[in-house]
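Each of the two complexes below includes chain A, the first together with chain B, the second together with chain C.
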Partner chain A sequence: MNWNLRPILVAIWRSPTGALLVALQVALALAVLVNAAGIVQQRVQKVGRPNGMDTPNQFVVAVSGFTREFDYTAMLATDLAWLRGLPGVVAASVTSAVPLLDSGSSAGIRNAPGLKAGRQANIFEMDEQGLAALGVRLVAGRAFSAEEILPPAQGNQALPQILLTRALARVLFPDGDALGRQVYDPLDRPITVTGIIEHMHGNWVDWDKLDHVAIVPRVPEGPQALYLVRTRAGERDALMRRVEEHMATSDPTRLLLWVRSMSSIERRAYLADRNLAIFLTAVTAALLLVAALGIFGLATYNVAARTRQIGTRRALGARRGDIVRHFLLESSLVTTAGATAGVALALAAGYWLSVTWQLPRPGLLHLSTGVAAVWIIGLLAAWQPARRAAAVPPAVATRTV
Partner chain B sequence: MLDMQGISKIYRTDLIETHALRQFSLRVEAGDFVAVTGPSGSGKTTFMNIAGLLEDFDTGRYQLDGTDVSGLSDAVRSRLRNERIGFIFQSFNLIPELDIFDNVDVPLRYRGFSRRDRAERIASALDLVGLRSRMHHLPAQLSGGQQQRAAIARALAGDPGLLLADEPTGNVDSLMARQIMDLLEEINEMGTTIVLVTHDLELARRARRNVHIVDGQVSDFWSLEPPAPGLHAGLVPAMMAPA
Partner chain C sequence: MLGYYLRLAMSSLRRSPGLTALMIAAVALGIAVCVTSLTVYQGLSGNPIPWKNDLLHAVTIDNWDPQFPARERHPDQPPTQLAWRDAVALLESDIPVRSVVMFKTAGVLATGTAGARPQRALTRVTSADFFAMFDVPFRFGAGWTAAADQGPEPVIVLASAMNERLFGGANSVGRTLRWNDMEFRVVGVLDEWRPLPKFYDLNNGALQEPEEAYIPWGWGLAAELPSAGSWNCWKPEPLASFRDFVQSECVWLQVWVELADAGARQRMQSLLDTYARDQQRAGRLPRPLNNRLTPVDRWLADNDVVGSDDRVLVGLAFAFLAVCLLNTVGLLLARFQRGAVTTGVRRALGASRRQICLQHLTEAGLVCAAGAALGLALAGLLLWGLRLLYATQDGTRDGIQALAHVAPGSITTALALAVLATLVAGLYPSWRIGRSAPAACLQGRPMGFRHTGRRFVP
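The block that comes next holds the complex of A and B.
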C-alpha cells in the first residue's frame, strides 16, 4: 500500500500555520493529560486504599462534660453500658482518636532501651471492645480483656501491653515476629506486644506513617469522650439517629458534640484528594476536547478549501478509501507532531512538578497511554471530515466555478 | 475505444428536470482525435463527465475500451479512470502545495507503481511537454501555459489510451493555445485517442473529427475537412444511430 506520506508532509510544510496551531493544542493537551493522569491515579489509589475497618457499619459519637457535677468515669460507664445494650450494636468502645479524623496523638516507640528516638506511630487508647469496634483483624496474639484496661493516665503510667499494626511491627522488628517482644516507652519501661493487627489507618490522612498504629489498653482522659460504635450491617443509620437523640438528652451535665458515620469521616478526609482528581480530570477532558475540536476544525477547513482538489484526485483515480486515508493521514501527522512535542513538554512539566511539589513524574505507561489517547482522539475527530471529503464527487474536477 | 449508445442524463432538483443528454450516441475509435463543440449548456461537460466516468448516466450503454461501464462499483470506475483515461482540465487543476513532480506523481501513486517506475514515467512525461527542468517548481511559479503542459504530463504519465481534454486552452493566451494544440496533435500522432471538448471552433477544426452538440444531442458530425458554412460535409448518420 502506498501511504502517500511525503506529498502530505510537503503540503503541510508549505502551509503550516493551521497545522502548527493544532499541533500545539495537542502538545499542551498531552502534557496536561500525562501529568494529570499520574496525579489523578495517585489520588484515586489514595482514596481507594483499604483502611482495614468495617467503615460502612461504624459511627462515632463525641460528647463533652461541661458542669461541675459532671462525672467522667460515671458517664463512660453509663454510656458504654447503654450503647452495648442496644440491639444491633456489635461493639462500642471509648477511644482517644478516630482513624482519619485529622486529630489524635503520636509517639515514638523504641525497639530497644536507651534509644533516643523511636519509630513514630499513631497512638490509640481504647478499651476491651476497641478491636471489635474498629472491625480490624487480629492476625496474631489476643485482644485486651476488660481487666487489663487502665484508668485514664495520671502522670506517666507504665503500660504493660500494646497492640501493633503489622506495618509498625515490621519496622520495629524487621528481623522477625513481633509478638511477645518488648518495645520501650520514652522512660525505657518495657511494654509487651500482645497482638498484631493486620491493617488499620491512623489519624492523619497525608502522613506517610498512616498505617503505623499502636493501641494501648487505657481509657482516654476526659472531659471529652469519643465513642466508636460498630453495628450490624444495614442498621447504622437508624442507630445513629437513636444514639444522637439519647446522648443529647440523657445526661444534663454533658453536651453532645457530634455524631458522624465513619464513611462520612473518611469522605471528609479524602475530600481534597477527590476534588483535585475531579478538577484535573475535568481540565484534562476540556483540553482534550479543545484539541479534538482543533483537529476537527482543521480537517473540516481543509476539506472545504480543497473540494476541487479532492474532485481532481478522484478524477485521477483515487478511490473513496484513498481520500479518507489521505485526510486521516494528514490529521495523524499533525497529531503525531503535537504528540512528539507533547511528550517533551510532559517530561519537562513532570520534572518541574516533581522538584517543586514532590508530585510523581510521568512514567512510560502514562506517556504511551497518553500518546495513544491523543492519537485515537485525533483520528476520531478527523473521521467525519474525511468521510465528507470522500463523498465529494469526481465531477467536481470539471466544474469551472 | 469509446462507444456510447442512447445515453440520457437528467439532472433533477425538487422543481426542475434538466435533460443534459438525450439519446446521445457517439463512437470514437482508437487513435482518433475528436473535438466536441457546442454552445454553453449544450451538454458538452456532461458528455465529458460521463465519458470520463466522473458521473453516471440514467439510460443507454457505454463501453470504454470494450468494457461496459454501467453498474460498475466506485472502486472499479476509479481504477478505470486511473489506468485508461487521462484528464486535462480547463483550470489545470494542479495541486498548489505540490511541485510539478509531485503533481504528475498523483495518479501514479494511486496506480501503485514503484518509486523508480514513477520517477521514470514522470521524467519522460515532463520531457515530452518540455518541463523537465521545472519539475521542482510550484504551479504558482509557472505561467498558465506551462501549468497546462504540466497537467498534460500528469494526464500522460500513466500511459492512458484515452485523453479527455476539457477546454484545455480556455485559460491561456492564443499563442499558448496553439502550442498546446500542437502538443495534443503530437500526442495523438503517437497513438493516444483524444477527445477535446471546446467552444473554440478554430481549435476544433484541428481535430480529425468534429462533433457538435446542441440540447444534449449530436447535431452535426464531420471529419477531417471542415464543412463550408451551412453544409454538413462528412456527416456520418450511422455514427449517431443506436447500435
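The block that comes next holds the complex of A and C.
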C-alpha cells in the first residue's frame, strides 16, 4: 500500500480554489450540524418528558355562565353528577386550570412564617376527584375527601390543607419528609401538607419550575368552569362527542366554550418546540446534502481534469485500487481540513449561542459524531467519481499527448 | 452591451443545461430558506405602527416588592402593567394628546334572535381614545366619547369577524345585543385589523388576535369585570372582593399615552416622577423610582417579542445560504472554465479583461436571478408547510400562521438576496476568468491548471 500523500497535496496546492471552497462548505456544515443537533436533542427531550398524567385518556370541557339566572353552584353539581354517572368515565373534577394549558396561577409558598422569599408554585383548585381525574400517583398521604372541598372564594382565603408535588416538597423541605408539615400562605396562615404527588406538570411548559405544583381543596370561582374528565382506555373519543352534545344544549343559561382532548392540549403546548426541531433537522439535512454535492462536484471535476494523468498512471502500472485510493484520500484530506475548521467554528458558535441565548452548548459526543458523519458523507460523495477515475483505461495516456 | 452579454450568457447556460440547473437549484434552495425564515422574523420583529412610533408610549411604574424585581429576566424594568389606582391617577393628566387605560375580560354575546347561538367574545374594556390612538380602522360607525366612559354608557364596538358571525357582516350600528346578559348598543364595527405583534397588550402571547368586542372603560368598575388577561400581585393582601383587588398593588392594566413632542414627553415623565414621589411619601412604591415612557419599538424589544429560537433560525438560514453560494462559486468556476475557449477567442479579438469580467458577472447574475425567482416560489411552498406545521386541531390559531405568508417584504428580501448572491458567488469566478491569459484560455486551461503528470508515479 502506498500512502504517500505528497502527490495529492501537490495536486491540491496547484489548484487550491476548489478544495478551499469545499473545505469551507464542510466547515460550515459541521458547525451547523453540531449546534443544531444539540438544540434538537434538547427539544426532543423537552417534548417527550413525562407529565405524570394519564394523557391519552383525558379530556377537558370548558363552559361559562352568562345570564342573570345562571346558578354556578347548581351547574357544577348537575354537570359533575352527570359526568361521573357516564359509563366509561373514571373520574371528573372541576379545576381552576388545565395542566399544559397556558393559563393558570402561581403563588409563593413558604416553609416558615414571616419569610419574605417563598417558593413559586403553580396552584390548582380541584375537588375530591381531582387526583383521580389527573391520573397522578400519590406517594404519601391521602387525597381530599368530599367534605373537605371549600366553596369558591376570591383572593387569599385561609386553607387547611394542600397537596404538593415531590419536586416542590423537596425545595420547600430539603431536610426530609414534607408530609404533615406546615407551609404558609402570603398572609402567614399555616396550611398542612396532607399528600405528596409523585410527579405532575403545571401550566407553563417553558417555566423551569413546571413540576412545582400544589393542589388545594377548593371549587374555583365562576362563572367559567373547567371540567377535567378521565375515561377508561379507548373510550375517550366517543365520550368527548357525547359530552359535547350534552353540554351544548343541556343548560341555556350557560355556553359550552370548548371540548379538547389532553393529547391535543399537550401537542399545542409543545408545538413551537416540536416545529423548531423539525425545521432545524430539515434544514441541516438539506445543508449536508448541498455540502455533499460540493464534495461530489469537486471530485468529479478533478477526475475529468486529470483523465490523461490517470491514464498515464494506469499505463505505468497503477492498479484501479491505487486510483480509487488516490481520489478518496484527496477528498478525505479536503473534508478533514474542513472538519478541523468546522470544529473550531462549532465551538465558537456554540459558545456564542449559549452565552447570548442560553442555548445548549455542543458536547464532545456531538462534536465527534458530527466529525464522523461529515467524514463518512465526504467518502460517500467521492466514491462514484473515484470509481469513474479507476475505470479510465491506460490507453487514454497514449491518445492526446 | 448588457443585451449582448445576456445573449452570450443565455447561450452559454444552454450549452450545459445540467450544470445550469444545478447552479440555479443551489441558489434557489439557499434563497428559499432565507426568505422563509426572514419572512417570519420580519413579521415578529416588525413594528405594526411605525408611523406613530415616536408618539405612542407605554406607561409603566415600578410599584413592586422592595426585595424582588417584578421581572425575573429584566430586573431593571418595572412591571409591564399598572395597578388600578396608578392607572386612574395618570389618566387625569392633560399632557398627552390621547391616553388609554385598558384590560381584557371574558364576554358572551347574544343577539337574542331565536336559534342564534350565543358567542364567546374576548372583550377589551378600554377608554375612548383606543381607536384613534392606535389608528384602528372602522367599517361602520365609530368609537365612543370620553363621556361614555364616565357613564358608563352601554355601547359596544365589534370586530369585523364577530360582526360577521352575529349579523352576517351587515351594518349593525344601532342594533342592540346582550353582552354578558346586559343590553349594549352597537356604535361601531371595525374593519380587518390584526396588528402583529399585538403591541398594545403583549400579555398572553405577542401574536394573539385582537379582542372581538370593545366596551367603555367605566364598565370595569361598574360591572366588576375580572381580567381575563394576566395579573400579578406581590403584596400580602386579603383580596377578598373586587374592591380589594382594585385598591391592591396587583398590576393588570395596560396604559398608553400619545405625546405630541419631546417637550410633552419630558412633562409627562416629570409628572410620573412627581406622582411616584408623592406615593412614596404616602408609604407606597417601596422600590427606587423607576417610571418609564417606552416607545413602541423599544417596548417590543423590552418584552422579548423576538425569541432566541427565531434568531437561531435566521442564523441557520444564512449559514445554509452561505453553503449554497460556496457551492455555486465552485460550479460557476467549472462553468466558466468549460467556456474558456470562447473567452480566449474574445480576448484575442480585443475584449478587455473588464469586459470579460462583466460578461461573466452577467451570466452569474442571470443564474442568481433565476435562482431568486425559483427560490421565492419555493419559499411560498415552505411557508405553506410552516402553516401546516403550526396547524392546531382544537380551533385555536397560532400567530405564526398569520405571519407565514409571502409578503411584500419577502419579495424585497429575495431581490436583495439575488444581488448578494451574484456578488458573493459571481465576483470571484468572473474576476478569475477575466484576468486569465488569452493563450491559456485557448488551450482550455484558463485557471492556471498545469498538466504535470510526471510526478504521479504509482
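Following the convention adopted for this analysis, the second predicted complex is superposed on the first by the 396 of 401 C-alpha atoms of A that agree within 3 Å, B and C clash if a C-alpha of one lies under 4 Å from a C-alpha of the other, contacts with A are read in each partner's own complex, and residues count from 1 in each chain.
To be clear about the criterion, contacts are C-beta pairs under 8 Å (C-beta built on N, C-alpha and C of every residue); 3 or more make two chains touch, one makes a residue touch a chain.
Quantities reported herein were computed from a predicted structural model and do not represent experimental measurements.
Of the two partner chains, chain C is the only one that A:L255 touches; chain B does not reach it. Of the two partner chains, chain C is the only one touched by A:S264; chain B is not. In the overlay built on the shared chain, the residue A:R313 is in contact with chain B and with chain C. When the shared chain is aligned, no partner comes close enough to touch A:L30: not chain B, not chain C. In the superposed model, A:A395 makes contact with chain B only, not with chain C. In the superposed model, A:I278 lies in contact with chain C only, and not with chain B. Touch criterion met: A:G294 reaches chain C, while chain B stays clear of it. Note on chain A: of its two partners chain C and chain B, the one contacting more of its residues is C.
Shared-chain residue A:V94: touches no atom of chain B or chain C.
By the touch criterion defined above, A:V343 reaches neither chain B nor chain C. Residues 2, 7, 10, 14-15, 308-309, 312-313, 316-319, 322 of chain A are contacted both by chain B in one complex and by chain C in the other. Put simply, chain C touches chain A in their complex at residues 22, 26, 29, 33, 67-68, 106-108, 110, 117-118, 120, 180-181, 204-205, 236-242, 244-245, 308-309, 311-313, 316-317, 319-320, 322-324, 326-327, 329-331, 333-334, 386, 389-390, 392-396, 398, 400, 432, 447-453, 455-458.
Residues of chain A that touch chain B in their complex: 2, 4, 6-7, 10-11, 14-15, 308-309, 312-322, 393-395, 397-398, 400. The residues of chain B lying in touch with chain A in their complex are 45, 48-49, 52-55, 74-75, 78-79, 81-83, 87, 89-91, 93, 95, 97-99, 102, 105-107, 109-112, 138, 154, 158, 166. Taken in their complex, chain A has these residues touching chain C: 2, 7, 10, 14-15, 17-18, 21-22, 24-25, 28-29, 31-32, 36, 39, 64, 66-68, 70, 102-103, 116-117, 153-157, 186-188, 224, 255, 257-258, 260, 264-265, 267-268, 271-272, 275-276, 278-280, 283-284, 286-287, 290-291, 293-294, 297-298, 301, 305, 308-309, 312-313, 316-319, 322, 353, 356-359.
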